[in-house]
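The structure follows.
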């Protein structure tokens, strides 16, 4: 029973961590973007205020059952994926279920939320939402190809499909997968540009032309809940990348408080550095059209991914 | 009387009975069908013993009837789906005429499938195969002139398959001296060793039914043109007969082949696997440009069969298990989806997605079925579709070294999200238009089978072990020993697992928490509005204004993937057909009707004979 | 007048063909005054024979003293590079003018606007009655005898305290109890 | 222990603080004022440091910013956008035209006082108001929100009858959908 209690505590802790880190990162990016544009910018905790404000809106509107459920799908996907990836390698404080689900499961679970939200957006009946969904799904087919190629490369290189195992291997050998298979890493990095939907891949929710696309009919608590889900997802993607390619974080041999905090620090540094890649790329790029975005992913990133797979087979 | 004969007899008498009853009281024709199938199902699951064999001889040929663990999987699938489809059919077909024709063929095709399952020798196998083919052909052309072209296509390809199969069967008799399937397998008839064309011919025969590229072109039209209550079986169960045969052939190749890297095994794995993969991709990208929901589902069926064939082609334990699991799950969700399309067609009058939208409030149960089935189709956790997809990927990555096939399959299954969404959005979501205001939920007898199928999908997602047990036993028959299965844990050969229990628990808990939070939070301040109350820059949409975005839904994707759309198998076959026609036309010109020309031909023939006399008649 | 040869030539050809008056305004601007019934003939002639293929604009002026509406058709020849104004005056009572959207399709838009703003009817004009205004059932608002201020006073809420020709600065300074700065006084209307 | 009233005060304070610090603006760009909005939002004046941010649709917005004269035809759309917004919602009238008609005071098709048709929290005068005054208007609105005085959504709902009468006076052919409050 103690075990179960610890697990529940760990799950809640993980969720809070993912949520907080994701929201803060979003806020920092807003601040940094402002600085780059020579503005003062909002405070880094602005996203929390936005969220709180949305949650305390006095009236809310839903367009029916699927519209009501849309944020639910996102949160389900976000929290489930969060609990099935390792936060710190072998740490007792985050005793989640990373052994019980592997990369294929994570891949499919990660689209669960977007599809559910797309259904909710569809029920609102706003044509902008449907157009946004069409673009989003098309773009997803684009960036999933290099992403899966890089994952396949990793899986066959180390003969494991578990994120936990991959982290452990990197911990034991001391060589990051980003170095042992650089092509796969690059392919995944390119794919992450599309995943985070910063420019130039932000046509899905283009505010000026699509009225923010799929979320155009959501406000109040629905938009707020979606925002939290999105924040958790940002943290998930970053953590997943760190554990897959950048050596992970945490020391399985030492799970004391100080070591845990140290591990968290390492995780935060790595994730933040990684997060800067799509953000930097976004600052200097205008927007792609959907087909341009898809073709972008199907050219160099896919080629890099294929090289990565070949590299993995012959290394 | 022997139980097998009894079942076949009940089927045939049921077919005749429903034909006769239609003359007297057309209403009861459907009910007769349902009762017939129900009686057979009851008899089958209570009386038939697995691995019991009945021998008899017909015209001097030894024949065997029986059910083994492998065919038992398909028996569950066929009988279960047919039972629900016939129940669905009663109301769905109510207002049509020529019901006797439809129902007797309906029963006959099921009789054909059950017969195939019973057959343990090639002769009866072939006979029942033809019964199935012919009766399904007759149903495809049920609609008359509108569907005669698709019926013709179906018939031509079926004929190709049938001749290929017949050639193989005769060759087996000639080379190995037996018609009994198990004996042929033991003699190594399918092993690509001495008579390499035998398994190839058989595979061609089965591939036609399983809609494998390049023999799939009949499928989209035939699936979408026949009545939906039959298509549920046509796509759900009948295509699985092809899978049944392919499984037999491939399993005997892989499990009897001592060398894992033998040349023939690798060749087979590559060719069949890639054919399956390409089928999946091409069918998927064609599915997502369809505007007719039935056509979309038909293409999607072809794509899903592609996955199953890929799974079979790996020949590994996990791969075959994935294929069989996917076969059952596909039957369930595609049966459900075609029923959904049928229900929409009956209630609205069309399945054109550009004309329908916003049925969710009108047909909530149908929507529930569609949602669950689509989640299973897309392979999203936690439903059964995910379990099958998971095993398929793990098999390809861990066991078959066919890494790029993984990408092809993954591309196809990601693109499948697009048409999945399209289907749900096109029919059920979007603006509630005025034209469909009168639409009501389908009658209860149509709802029940759909909802049952949806519930099966949910249960198999949570406890995939329910299906693993018969599959594991069936695979032992195919020669795979020690098939491990657990109620809810999926394991690959590297030891990694996906634990459906944990996954479902997490999803369930989070769902409940968030759902309660979101619903109760500010309950008073939350109100539901219609789909006309949307932010349209302040403009008020009029009642007849259609705001739903339906036409060219995936135009950006089409532009991006334009090279893939350039080549269509249909076109290649048409070109081939035209070329053949030209050749035949030329051949026909030999017969001019002029006696002197014929005389000239005879003289030319004699001259040729004389010239080549020495080479032709050496001894 | 040497440099206005082509304008003069154009005017001559029109006046001689239709027996109408006209004048050259300046270079590249020619106007003719036609009778109501001759307008479509002139326009058609200009389009087919003289190369004025483009209807640049069409507008209306309310000459309330003369009790007439004046319609002005501005057409343009890309070859000659001349704007030709065809002007005609019609009665203000039950005004009606020939519909020319068979000559130029785009005339439809201008005619609908004139119909709405001046109440001139164009028989056979296709299009809804509402053009820019929605649900307007008063007198056409561009007519000179329509008192827009009176209408606005009657229809819309007037905020008290609004008086015309009053210096805002003084009002503000009165309200806030400060003085108007010296540099601002030179702009004041009350000298 | 704090009693109910005090805890409610604390909750209100926090809620109002969040509301005030995060204003999603639906800029209804009527008239000439729309051109001032980009200047306000971008580098030079940077309204985002006050938590002011553009919203694409009324569902997400808190503030409706009317930037200039309102033709009767536009008023119809503005009313609809306002009713689609979710409470608490605020309106800022921007420029003289929304206050008293401005230079269009005698026009036959522009309204003269916006608050007769939808409740207005803050007016920013000027023709046009510069970005500084726009930001000062927003700060004024933030003060009102913090004090809990900006509750015009409720006011509109309760006095719907009166507002409807005024609106219908202008919009003769009333074809707006009934709004289920």
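The first chain written gets the first letter, and so on, giving A, B, C and D; residue counts start at 1 in each chain.
The criterion applied here is as follows: a contact is a pair of C-beta atoms (placed from the backbone, for glycine too) under 8 Å apart; a residue touches a chain by one contact, two chains touch by 3 or more.
None of these values were measured; they are calculated from a predicted model.
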item	value
Neighbouring chains common to chain A and chain B, by label	D
Two chains sharing the most C-beta contacts	A-B
Centroid comparison with chain C (C-alpha atoms), farthest chain	B
Where chain B and chain C are represented by their mean Cα positions, the distance between them in whole Å	71
Centre-of-Cα separation between chain C and chain A, whole angstrom	61
Intercentroid distance (Cα basis), chain D paired with chain A, Å	36
Per-residue overlap in chain C, given as positions that touch at least 2 other chains	none
Residues of chain B engaged with two or more neighbouring chains	525, 527, 529, 532-533, 535, 537
Per-residue multi-chain contacts in chain A, two or more chains	57-61, 211, 216-217, 220
Those chain pairs that satisfy the touch definition	A-B, A-D, B-D, C-D
Partner chain D, residues of chain C touching it in the complex	132-135, 137-138, 141, 146, 148-149, 151-153, 155-159, 162
Sites on chain B touched by chain D in the complex	525, 527, 529, 532-533, 535, 537-540
Complex contact set, residues of chain D against chain A	14-15, 17-19, 21-22, 24, 42-43, 46, 48-51, 53-57, 59-62, 84, 86-88, 153
Residues of chain A defined as touching chain D within the complex	30, 34, 37-43, 46, 49-50, 52-53, 56-61, 207-208, 210-212, 215-220, 223
Contact footprint of chain C on chain D as seen in their complex	72-73, 76, 99-101, 105-113, 116, 166, 169-173
